[in-house]
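Across the two complexes that follow, chain A remains constant while its partner is chain B and subsequently chain C.
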Partner chain A sequence: MDLQSIIDTLELEVITQPKDFAGMFPTSGYTSDLLSCAMAGARKDGVWITLQSHDNIVAVAALLDLAAIIITEDARPEESTVARANSKNITLLCTSQPTFSIVGKLWEMGLRSE
Partner chain B sequence: MDKKSDQELNITNQVTENITPAEELAYELHIEEVMSREILSLYPDMQMQEALEFFRTHHISGAPVISRDGDLIGVLSMEDLIRALRVTDLEAPVEKYMSVQLISVRGKDPVVEALKKFVTKSVGRLPVIDDAGNLIGILTKGDITRGLLKALQRDYQVEEVRRYRARHLFEDIVSDRTSLILRYNIKAHDFTRGGAASTNIKRALLRLGASPQLARRVGIAIYEAEMNLIIHTTYGGIIRVEIEPHQISIDVYDDGPGIKDVNLAMKPGYSTATEEVRELGFGAGMGLVNISRCVDQMKLESVLQKGTRLRLKIFLKQNEIVGEGYPANRENS
Partner chain C sequence: MESFRADLHLHTVLSPCAEIEMLPSLIIAEAVERGIRLIAVTDHNATGNVIAVQKAAEGSGLIVIPGMELQTREEVHVLCLFDTLEQAQAFQAMVDPLLPDIANNPDYFGFQLVVDSEGKIEREETRLLLTSADISIEKALEATNRLGGILIPAHVNRKAFGLIEMLGFVPENMHIEALEISHHVTPEQAYQLYPQIEGYPLIQNGDAHQLADILGATTYKIEKPTIAEIRLALNNQDGRTFSIG
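Coming up: the complex of A and B.
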């Protein structure tokens, strides 16, 4: 499944620069609000679902080569964080939905932990 | 987003998928950077015969039509000429056959906007206008291809030169044992810079020719060490990375406050991070555990009130060597 259909189905808001999301295929999902857990558990080309929205999530995503971060429960990153994500080519997606719903829907769409 | 724009987006994505390496550039490049600035235009009262000659002498297959006041009023294409030829009506004025349904693009828009128009409107060329509506150029698919290729080549060359230089570092400099040392000063409690050093080290390794997996592994280990300096130290600390073709040695040290019980600190889930820091998502008690998973050798020493020193080593296998290895004793490395 491509990232564009994830964005459409889950009604996610793209807050970083648009990309060819239809040509990106996330291979797995991971969720935790603890950065070290994400560091250990999230996989390359995966999506990470968290309600953390501060600067350091960008570093985590860049180091792990994640496809995107889905930020839940209306947490909004600062503009400087968005700018940093753009410079590191990281995609940030926002939603008002809680993490549990997002993870449930992604699972229904066929995304697995690895 | 309404249905229509949804559809347009899908078509565009399909198109851009065919040119995936150029896709990002289609968003980055602006139309005015790739369009032709030399505008060959026709007047509405010119005869179709003249337009035909005009096309032939300039080797073009279409041109915008401009009023005597300079306003863009239409576009004439080869197809329009053929329509006139079919009914032998070449005496007619250009305005009779030109297309007046004006589809134009703005110079400041990204190239991807023009790609969308080319796909959905089936036109061969697009007039480019500025914010005031003045004609500033003409854009064909050929212009886009040329522009993208040029930009791709430019990007590629810059990164290639960097990689080439870095990769040959160990070969070009002759010594019995050459190494590259990177040093980063990490400030305490500077969360906004968190991850900067590890990201830079990861990029350095990629430029030196390390595999993405190796660069990621080293990046994760150093990120955790970097965050430890930011979260726990009194005055910050230093990360020193020594890169050799056969191994990477990482030395992270600070001058306090030191770890009370090193064995306890190594236990998964154990953390002394403050509530404030935990709210940011740190202090999972997994940092040192993550580090040990990423490296081949790990030594943690600490003296309370004095400081902490973490030494890590990653041994590179033959297929992972950084740079091109030592030229003289490659077998031994």
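Coming up: the complex of A and C.
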């Protein structure tokens, strides 16, 4: 499945620069709010679901080359974090839905942890 | 230069997780017996017992730094230390409205008691202090510095509420002067386990929740016991130094 259909189905708000999301195909999902765990557990080209909106999430995504971060429960990153994400070509997606719902819907769409 | 054996992280009975023995006079007696000259009172999101410990210390020669162990929005614990009670109280006034209004359950978490210098209960803090204040670690640093204090991330290597676990590494836009590591690891081990903290001065404190944990593990060689002098020591400037052990 492509990232655009994930954005549409889950009604996610794109807060970074638009990209050709229809041409991006996330291969896995990972969820944790502990950045040290995300650094160890998330996979390249995966999506990471977290309610942590701290600036350091951008560095984790850049380090692992993630397809996108889905930030849940209305946790809004600072403007400076969005700017940093744009400069590193990282996609940030926001939602008011809880992590549990987002993960459940992604699983229904066929996304798995590996 | 004078040598100050110090423990800059300890809890009183205002922290629900602290033992009931963490009363002003007992803390002072324990610290003095261990040759400690400088302590900081750092309750969770609270400064209410600083004044009682300061009063209890009068005449003992022990210096009591007002402080707080703040829990930030990212669930990171940071020590915020100040020179004066007024600065700590101003910090408290900033933190108070940022704490969620959740009632403490003393049966589960323990009592949160504000006491006088003799340990007499003045009031019970009914709002749960073991929560996150709605402030980022960056904003907490700004607020601490603005008031003339110093912010030191606490027990950064701990799985619960440690900066490394929660945030992975020290945010690169933050000017952090030192990190506290728990006393379960040596600085050498910490640098080896967590290469991302290379270059940060490391201090150790007891994080005492009971009297036996008051350690005095770090000694500062400074002119006088002020935040400015401690800051110099952490940065190894102007002949001020610190050492562990």
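Assume the second predicted complex is superposed on the first by the 114 of 114 C-alpha atoms of A that agree within 3 Å, B and C clash if a C-alpha of one lies under 4 Å from a C-alpha of the other, contacts with A are read in each partner's own complex, and residues count from 1 in each chain.
By our rule, a residue touches a chain if its C-beta (ideal position, glycine included) is under 8 Å from a C-beta of that chain, and two chains touch if they have at least 3 such contacts.
As the structure is a computational prediction, the values presented were derived from the model and not from experiment.
Asks: In the overlay, answer first, second, both or neither for which of chain B and chain C A:60 touches.
Replies: The answer is both, since A:60 touches chain B and chain C.
Asks: Touch test for A:52: chain B only (first), chain C only (second), both, or neither?
Replies: both
Asks: A:101 in the overlay: touching chain B, chain C, both, or neither? Say first, second, both or neither.
Replies: neither
Asks: Looking only at chain A, is it chain B or chain C that touches more of its residues?
Replies: B
Asks: On the A-aligned overlay, A:86 touches which partner chain: chain B = first, chain C = second, or both, or neither?
Replies: A:86 contacts neither chain B nor chain C.
Asks: Contacts for A:44 in the overlay, against chain B (first) and chain C (second): which applies, first, second, both or neither?
Replies: The answer is first: A:44 touches chain B but not chain C.
Asks: What is the contact status of A:20 with respect to chain B (first) and chain C (second): first, second, both, or neither?
Replies: first
Asks: Across the two complexes, what residues of chain A are contacted by chain B and by chain C?
Replies: Common interface on chain A, chain B vs chain C: 34-37, 39, 52, 54-56, 59-60, 80.
Asks: Would you tell me which residues of chain A are touching chain B in their complex?
Replies: Touch residues, chain A against chain B: 4, 8, 17-23, 33-37, 39-40, 44, 50, 52, 54-60, 62-65, 80, 88.
Asks: If you look only at chain B, which of its residues touch chain A in the complex?
Replies: 6, 10, 13-14, 16-17, 20, 23-24, 27, 191-192, 194-196, 198-199, 202, 212, 216, 219-220, 223-224, 227, 280-287, 289-290, 293
Asks: List the residues on chain C that touch chain A in their complex, please.
Replies: Against chain A, chain C makes touches at 73-74, 136-138, 164-169, 171-173.
Asks: Under the stated contact criterion, what part of chain A meets chain C in this complex?
Replies: Touch list, chain A to chain C: 34-39, 52, 54-56, 59-60, 78, 80.
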